[in-house]
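Shared chain: subunit A. Partners: subunit B in the first complex, subunit C in the second.
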Partner chain A sequence: MEIEARNLLDEALGTLKGGMVVVQDSVQTSASFVLHHLLKRSLSLHSSDVVVFLAFSHPFSHYDRILRKLGCNLAVQRDKNRFFFFDMLMTEIADGDGEKTSGDGLVALYGKIQKVLSALPQELKKSVTIMIDDVSLMEVAAKCSTDHVLDFVHYCRALTSEIGCSLVVLDHEDIYLGTERPTFILQLEYLATVLIKAEPLATGLATDVHGQLTVLNRDVYDGQGIYRKKICNFQFKVKESSIEYFYPGSRT
Partner chain B sequence: MAESICRALRDGALEGEHAAALTIKDSIASPFGFDVFAHVFSKLSSYILASKYQSRGLVLVAFSRSPSFYVDLLKRRGVDVASSHNWIQILDCYTDPLGWKDGVGECGSGTKSLNEASQIASFCKNVKDVETFFSMVVELGTGLVGRGKVRFCVAIDSVSEMLRHASISSVAGLLSKLRSHDQVSSIFWLLHSDLHEDRVTAVLEYMSSMVASIEPLNQYANGQRGNWNNLSLLEQNCTRGKFHIRFKRRNGRVRVACEEFCIEQSGIIFTSISSEDEKINQSLLPKLQFNLQLSEKERIDRAKVVLPFEHQGNGKPIQIYDGRRSQEDSVTEAVPISTSKSQTNEETGKGEIIYFRDSEDEMPDSDEDPDDDLDI
Partner chain C sequence: MSATKTRTSSFSRNVSALSSSQTPGLKHGPNGTAFISSGIPDLDRILGGGFSLGSLVMVMEDSEAPHHMLLLRNFMSQGLVLNQPLLYASPSKDPRGFLGTLPSPVSSKDDKSHNRDPDQEKGLRIAWQYKKYFGENQQNFEIHKDGKYEFCNDFDLRKPLERQFLTGKHIDCVSIQDCRNLVPLRDHCAKFLSQFPRNDGGVTCAGRIAIQSLCAPQCEYSNAEWDILSFVRSLKGMVRSLNAVAVITFPPSLLSPSTSKRLQHMADILLSVKAIPDEDKELAKLLTGYQDMVGLLSIHKVARFNTQVPLILDTTTFSIKLQKRRFLILECLNQAPIDGSSGSSYGTSGSCSGSSKSGSLDF
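Our next item is the complex of A and B:
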């Protein structure tokens, strides 16, 4: 039996069924590798998960190249209807002509996601992951209307409790630093069941350690009423085809 | 204390007065408002089921969780849900608050999972329309208890979500209309205070007879956003917190109480302030005669003082204090001040050290050998 070694990140995350994961990173420490990891995990041979990916920051070829290094062929998965890629790079959600507001664009996008979901067979619906690769760019696409983006996130979240899928969202923390009340990022934090923060090391740059991850796993009630709540903190090193996770101080 | 807010909500409104109202507010540093909400909600549900008290029904406005979540919650807390349609109605503002699903066509899969909850839930498809929203809540309530003298409770699980869709004035109007409705016995809502301006929080607190605020055990030093560097602090705040309650009487008297809480598998557990802290508070504070803290002005003054050995770096010749009084100093002290001797630097007005002699018999600083009288 081929079992992939579970790393610290997997342990900290647990199963994500029905939850919402918010990943926050900063300019110095990008957390896109967490998305790649979750993508790979969902599409691996052992699981039958389906991923709906809303790409606002990178094209398909970018993800295809990275995931191929990690041992996962996105093009094949796409043909197998396990990976649905929405290229939102050039899409202007808000039209300038006044008729269409940014809300309408997001409604249409939501409609597309629902169409994908309803076409799936019943047994697969429970294991769908919706990923948004950069919510801040979604905000840009929606012409800075945070309310519409939050509405969209709310609807995606409503799907998670309705059919039991999960939602993964990446956002940048430092672009909200100056504002007195970073409402948008706080809203996301309130919604999150799992919050992942990628930060540079407090002690500065190092060759062996590229940053640290703090995973806050809020209370999750699953079907049996099982309950967990924990905080994990560990460091990581991004390598060419894999990521190493280790506890602080366990590397010399 | 947490029990007393549930009791106050249970006892409801007095004749000719507004309904009892509770604001539960939290912030991201200690985001357990929902746990408190769930606690109050399930407590109140069991009171209503006992049907010995003022209210006989409950209308829950669900913005942040699905109706089926609440049905599960009641089941978990041991509240009988079989007869739920007799006493609870859920206004579902969660599944489709803006009517998006109508536009794109229902995918048809979701309805099945609702089953139990769907009997007691009704959809609200346009939360922006506050007027219809109000009449829906009242309709659901009167549907439960009938028109007449019997009263019902209203619970709103997130006013913050409501405020995203409507202005504060219309939300405040809605809440006060509900509060003064004849058949509403009590009302409570949850608010994430850091998402709104301070005035919004104040408006909602004015309208409530009780305010329960949830605060972290240890306040972070740097403002609102939590400091993630201190992991142990974070860990502590992730399961425990402080619970402040403010009761406002009719005559304007205010009573404040404080408790601690701890989140556990079965829900939230309230305890009185831990004995250890209490001991410290009692044993240390009253006996202390000194002021150990510096006021803001004192802090600024202290920062201004130029220390005698500090290199000024302003191009002037460096003056090093040699332990004796300089010429200028003795001039300024021509009229000797009996209790103090000042070491004033060239740039006066920046700050100075004033030395208070402890007693008269202590001689002013001199070159005299202090160990003069030492006898070995």
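Our next item is the complex of A and C:
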């Protein structure tokens, strides 16, 4: 495995060091493949990243099988202390007695992450990625205390600026569309340096094109000391061992 | 079609090679998953084999028609016929009474004659070049038809399930009407599910949980949407690690849009049922076999365990029909010919008519 061919998504993302990525999807189009891609990218041979993964929607075996097909063995990485998996499927952050408990639960969770990070050797500390595979489920686990979840994300975000690690968060956009003031998703969007949206095609389902991605990168350095926004738009097709990205209309 | 493509590109084992499992009512699928039947052969076929073990199936009810009960009944009956333990929770006073309405399986002899090959019976001959397209979809089923047991039965909706299936079995019935909150139900589910640990040695028994109208207004907790969400989440977590399938029906119109969306995201398999209006002249002109239709079933999400490739269906909306007023079948929607003679339907095969034909009613 030498330097892998860069695809459109990698180009749009840039380096990601110390940034926050918010991935949004909907019921029709799942964007979990973006997480798989970032996971693989962080754990590939020529990078020395460490990934802390908070799994709310799928167990380890699920990710293990998928990543193995992508050419990355999670179990081995876990043994090498480069991949830390927190299985949160059954964990209740709040006991239902009120807000205080959910806050405590999240503080404890943050404490665990911090503990993992502080145990790392110095040279690895700079390149840590924290991934949360479904923030909406985290909200449910914390029983409605959305503010506490936001606080948690803020804390993780503070970590990213402190020691230069990055944060990747998956959320579902359509949950908030009906609400009057979708504070939560707006806050997330505000915090994000890179925003990735997966949408179904406007023309309906197709077997050749699974959907389209919009990547908004706020952190593009144009070489003259000015940071600019960059928006990329392309379509994708998910396969077992890879994901194809292409510009609309470029495939026959 | 897409399912077969993905199979060749991955390193997963061939499905047919694994078909000789010992446990009745279970079928191995790709990527180390196993299926149990939904009780509706057509639905199993559409979903690529059935409900994956460990999945949470959510059915969005139509507030005007009880079509979700059709799905629940067949799901429960199939489990009882195959001797699989069942937990049934409903907002009615006497949930056990519902067991009396479960349909009875048809013996396999009549079953074969009535269902599998309607095309041949109707004198519609298919050129040999196209035969392969039919074979592809039904392959999975034929394997099991010849085997010692049946993976899924056809059910006669007019015949109640015989008593022998209802007595002396592991059937748990819970009424959720008088519960103040969902904690008792959750404990009940946890206790029920503890019988099905997942070990590497193989699956010995599969459990089925059927919860009818989870957020019905007659339940006292129906206003506590976060409680409902957290119940569903914990049930999802429990089921996922065990050999069981949970089917929950819920009325989305009674929930806030965001809660309903959250539930839809939690579902591994998401279905919705819709009634069709009796006298919709325009629709009747548009579709063949409109008179026989009972309702519409849409498939919004198919479980993707251990794989990232989405399953793209040919069409997502199917009509629910009662064949001979007995058997529940699903057909893709067929556009009627222009002259409006809507006599016979085109059969259940479904693979020949692409999405372009049925696009008229994809909601």
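Quick note on the criterion: the second predicted complex is superposed on the first by the 237 of 252 C-alpha atoms of A that agree within 3 Å, B and C clash if a C-alpha of one lies under 4 Å from a C-alpha of the other, contacts with A are read in each partner's own complex, and residues count from 1 in each chain.
We take it that contacts are C-beta pairs under 8 Å (C-beta built on N, C-alpha and C of every residue); 3 or more make two chains touch, one makes a residue touch a chain.
Remember, predicted model here, so these are calculated numbers, not experimental data.
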Fit-or-clash call for subunit B and subunit C when the two complexes are aligned on subunit A: fit
Touched partner set for A:Lys143, first subunit B, second subunit C, both or neither: second
Which superposed partner A:Ser48 touches (first subunit B, second subunit C, both, neither): neither
Partner chain(s) touched by A:Val27 [first = subunit B, second = subunit C, both, neither]: second
Subunit B versus subunit C as contact partner of A:Glu240, first or second or both or neither: second
Which superposed partner A:Asn81 touches (first subunit B, second subunit C, both, neither): neither
Partner chain(s) touched by A:His154 [first = subunit B, second = subunit C, both, neither]: first
First (subunit B), second (subunit C), both or neither touched by A:Leu205: second
Lowest C-alpha to C-alpha distance for subunit C against subunit B (Å): 11
Shared subunit A contacts, counted only where both subunit B and subunit C touch the same residue: none
Parts of subunit A lying in touch with subunit B, wherever the complex brings them together: 107-108, 110-111, 114-115, 117-118, 122, 125, 147, 150-151, 154-155, 158, 161-164, 181-183, 186-187, 189-190, 197, 199, 202, 214, 216, 219, 221, 225, 227, 229, 231, 233
Footprint of subunit C on subunit A - complex, ascending: 27-30, 32-33, 36, 58-59, 61-62, 65-66, 69, 89-90, 92, 96, 134, 136-137, 140-141, 143-144, 172, 174-179, 204-207, 210, 238-241
Subunit A-facing residues of subunit B, complex: 28, 31, 65-66, 68-69, 72, 76, 94-98, 100-101, 103-105, 107-110, 113, 160-161, 164, 192, 194-195, 197, 224-225, 228-229, 231, 234-235, 238-239, 263, 265
Contact set on subunit C toward subunit A in their complex: 1-2, 6, 9-11, 31-32, 226-227, 229-230, 233-234, 236-238, 240-241, 256-258, 261-262, 264-266, 270, 300-301, 304-310, 312-313, 316, 355, 359, 362
